Structure formats: C-alpha cells, structure tokens
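As structure tokens, here come the structures.
You will see two complexes here that share chain A, one where it goes with chain B and one where it goes with chain C.
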Partner chain A sequence: MSFFRITLMRSGIGLTKRTQGVLKALGLRHRMTTVFYPVTSEVAGQIMKVKELIDVQEVDKPLTRAELKAERRPEPGFYLEKPAPR
Partner chain B sequence: MFGAFRPTNSLGGGLLWKIPWRLSKFQKARQRKRLRAVDTVVATLDKALAKQSITTKAVERWKEEMPIEQEMVPKDKYTIFDRKEKKYRKSIRKLPKWTRVSQRVNPPGY
Partner chain C sequence: MLSRTIRRSILDSKISSSALPPTFLLPLRARCFNTTTQHIETPSAGLDASQMPLNSVAASAEDAVKPKGPPRRKAPTAPAPITTPMAVDSSVKEMLPLLAVQPSHYINVHIHGKPYLVTQGDSVRLPFHMPGVIPGDVLRLNRASSLGSRDYTLKGAPYLDERIFECRATVTGTEAEPMRVKETKKRRNRRIHTVRSKHKYTILRISEVKIKQLEDIKGS
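Then we have the complex of A and B:
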C-alpha cells in the first residue's frame, strides 16, 4: 500500500473557496504542512485540484507527527556520557 | 480604487505603477521552474496510480490537453491571449494569481 506524501508549498490565500476547501479537506493548514494519504483516485483528484500549490512524493509508509518532527530535528552535536547526579 | 493608498494626482496619473510588458530572464526562469514542478506532480500521480492500475479522469484529461514545459513555445509560457490587445497577446503577469494557476493553452493561431 503506497502513500502520497503531500506538502503545501504555496498558500491558498486569495484563491477560490473551492480550492481552499480542497486544502482544508486534505488537512493542509499552513505552508510546509505535510500529510499522508493512500493512493486512490479520490485523493488523486483532490491533488489535481491544487497541484500548483503542493509537492507530492510517493512513499511506502506514512510518518506520524513525531516522526516528521524528528526528520527536521538536527544532530544534537553532543552525547550524554553519564547523567548528572540528582 | 487604489486600496490602502490615497487617490492623489501623482497616483491617478497612471505613470507611477507601470510594470514592463516583458518578463525578465529571472522571472522567466522561475516560470519555467513552476511549470516543471506541476509536470512532476502530475507525473508522480500518474506513476503511483498506474502501479495500482487505476485511472483518474482529471489526470487523463490533463495529460491529453495540456502540454508539458518542454513542449511549450516561449510565447505560451510568458504571454496569454487577450482579444482587446493590439496583437491579441498580453503579458502573463497580468493574469491574477498567475504563479498559482495553470495557464498553458491559448486559442490556436493567436
């Protein structure tokens, strides 16, 4: 089961209510929001309605919110040898 | 009429907010990049759906009617048809939301 990884690259401000409705239905709240949907013809039709605003990739498994945040987190640059005594 | 600006003589003279007819080479480059981005979105959709052997009317119609960026003539990328203009073409910048809307095809012969 493959998924679409959809990221909103351009906002829907000033666009028609229909287009903004499609973004709301997809759950794309603000720029750089990423959502995952299974590959179906319904979702494909929704993507076609807003294709100028989004970036789409095909992935194997959907990531959770925590995993998406972890993707963006940089390397800490240190590691803990021993926790501080409390 | 002028939004947040006071309608003064200098503003109403029509000389303050001129925008050039032609796009600069950087604007043209960005327009081509945007067209290619939409092409890749449609290609990704097409590939993903083909893997599951389903078709969508929207995708099929787009592939049939709309040219991809490589197939387009520069005239179609940077200008649009307008019946009121002298040569029936005007700058694509004059199309509202032109960076977020797909405009690729114009009436044949113009």
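Then we have the complex of A and C:
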C-alpha cells in the first residue's frame, strides 16, 4: 500500500474557514508539519482542496514521529576517538 | 451507685436479643459483623521485630546502587570506514598538493550542523554541554564544509570528503555562565516567580588540522 507524504509549505492564516478546516482534518497544524495518509480518493480530494499550500510525495512506508525527527537531526560531526581513562 | 444499677436494670429489661429484627432486615454492615467468624492469625516471619531493620537496610542499599534518573548519554563512537571511491575533481588533483604545502591552514568544522572556523591551537567554547565526555578525551571532527589557507580554499558541497583531512580536538573542560535570574510576573498580581539558570558549556582545544595527499588516501 502506498502513502501520500504531505508537508504544509504555506500557512493557512487568512484563508477561508473551509480551507482551514481541510488543513485541520489532515492534521497539518503549522508549517513544515508532515503527515502520512494512504492513497485513497478521499485523501486525494482533500489534497486537491489545499494543493497550493502543500507539497506531496508518494512513498511506500509511513514514518513515525521519531523517524521524522531523526531525518531532520544533523549529524554530530565528531566521534570519540581516544577516551581518557575513567 | 444506685442510679447506675437502676439504669442498667432498665436497659436490660428494655433491650434483649429477641427485640432485634431478624438478620435479613439488618443493615449490611451489621450482617457482616454477625456472620464472620473470629480467628487469630500467627504473625509471618517477615514481621519479626529483629528482622525488620535488616530488611529495610538491605533495600536502601540496593536503591543506592541502582542509578536513578534519565539514562546517561554517551558520545558517538567511530563510524564504519567509507568504502565508496572518492570522486576527485580535476582542480582538486591539481591544487591539493599546493594547498597541503602551505604553512598554515584553517578549517570550517560542523558540530551538530553548526560551523566553527578554527585552526590548530584554537580554543572553542561550544554553546552547549557535550554529554558523555570528560577532560582529556580526544574527538575526531569529521564534518567540514571548507578547508583553506592563505591562497587556496577547498570547498565541499555541502561537506568535504572526510578522508582528505584529519582534525582532532581535545576536551579541556566545562565552563559555567554566571547565574541568571529570570523573574516572571502577571499583571496586577504581586507574586514574582523566579527561575535561576546556570548553563554549562564544553570547551575544546583543536590539537590538529592536517591535510592528506591523494596518494595517501588511495593507498589506505
């Protein structure tokens, strides 16, 4: 089963209640939130209602909150080469 | 005395067991009291007075040994060595020897995504406390975005290949800021809430900035 990966790129502030309602139904609270939904005609219709505000990709597997956070986290950039005697 | 005996005789005459209503009409609590059999329980071995202090002392010792609170975070360990061949640009092949020969170099290392422009011998105060390290630990910094000298600069997109350079830093210690007091207050309310902050910061000393030659990289 494939999934839509939907990311809110533009805010819904100042838009109609109907549009803001669609964003609320999708669970897109603020900019750069990412949600995953299975590919169905209902979700496709919701996407079409707010298509100017979001960025959509099709993926195989939905990511969990922890996995999304790990995606954003930068690499540490260092490692412990020689620990001092403890 | 007389009044007491008279009172008792009156009470005895008035209330007798037969005057109580039958059991099924009594309230539930009275029924339970009437129906349970009384028995005496022998105290268990654990309740023995001589043993109790020992048990409590043993329990507290175990608690003291067990570490409490969130798990201690450790510094990252060496990653697996890179096996993919290095993509070498023609300009790199031409000018890397020239860059390596120059007397002094600088490097833009990235620690948790933030750049630090350093050279050998610099002391860096990180804006955070690095967990899992003690003074004397040697860290190998492997993410750099640019490496240069007076006349040449080697830029990575976004990072350089880590096999080209060696950059080591030693943890010299931890520093703390002066105590900060933040006072928060609501309007028209006299209660002032104070929050005290005294953050710690890790200090590193860059001990080595070295550029390797392409022949050394390909040979290893």
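Observations, loosely collected:
Everything that follows uses one rule, which is that the second predicted complex is superposed on the first by the 79 of 86 C-alpha atoms of A that agree within 3 Å, B and C clash if a C-alpha of one lies under 4 Å from a C-alpha of the other, contacts with A are read in each partner's own complex, and residues count from 1 in each chain.
Assume a contact is a pair of C-beta atoms (placed from the backbone, for glycine too) under 8 Å apart; a residue touches a chain by one contact, two chains touch by 3 or more.
Remember, predicted model here, so these are calculated numbers, not experimental data.
Once the two structures are overlaid, the count of chain A residues touched is higher for B than for its counterpart among chain B and chain C. Once the two complexes are laid over each other on the shared chain, residue contacts for A:58 go to chain B alone; chain C is not touched.
Using the contact criterion defined above for the overlaid structures, shared-chain residue A:40 touches chain B, although it does not reach chain C. The contact sets of chain A with chain B and with chain C never meet.
Note for the complex: chain B touches chain A at residues 34, 37-38, 41-42, 44-45, 47-49, 51-52, 54-59, 62, 97, 99-102. The residues of chain A lying in touch with chain B in their complex are 2, 4, 10, 14-15, 39-41, 44-45, 47-49, 51-58. Across the complex, chain A meets chain C through its residues 74-86.
If you check the complex, the residues on chain C that touch chain A are 75-79, 109-113, 132-143, 168-169.
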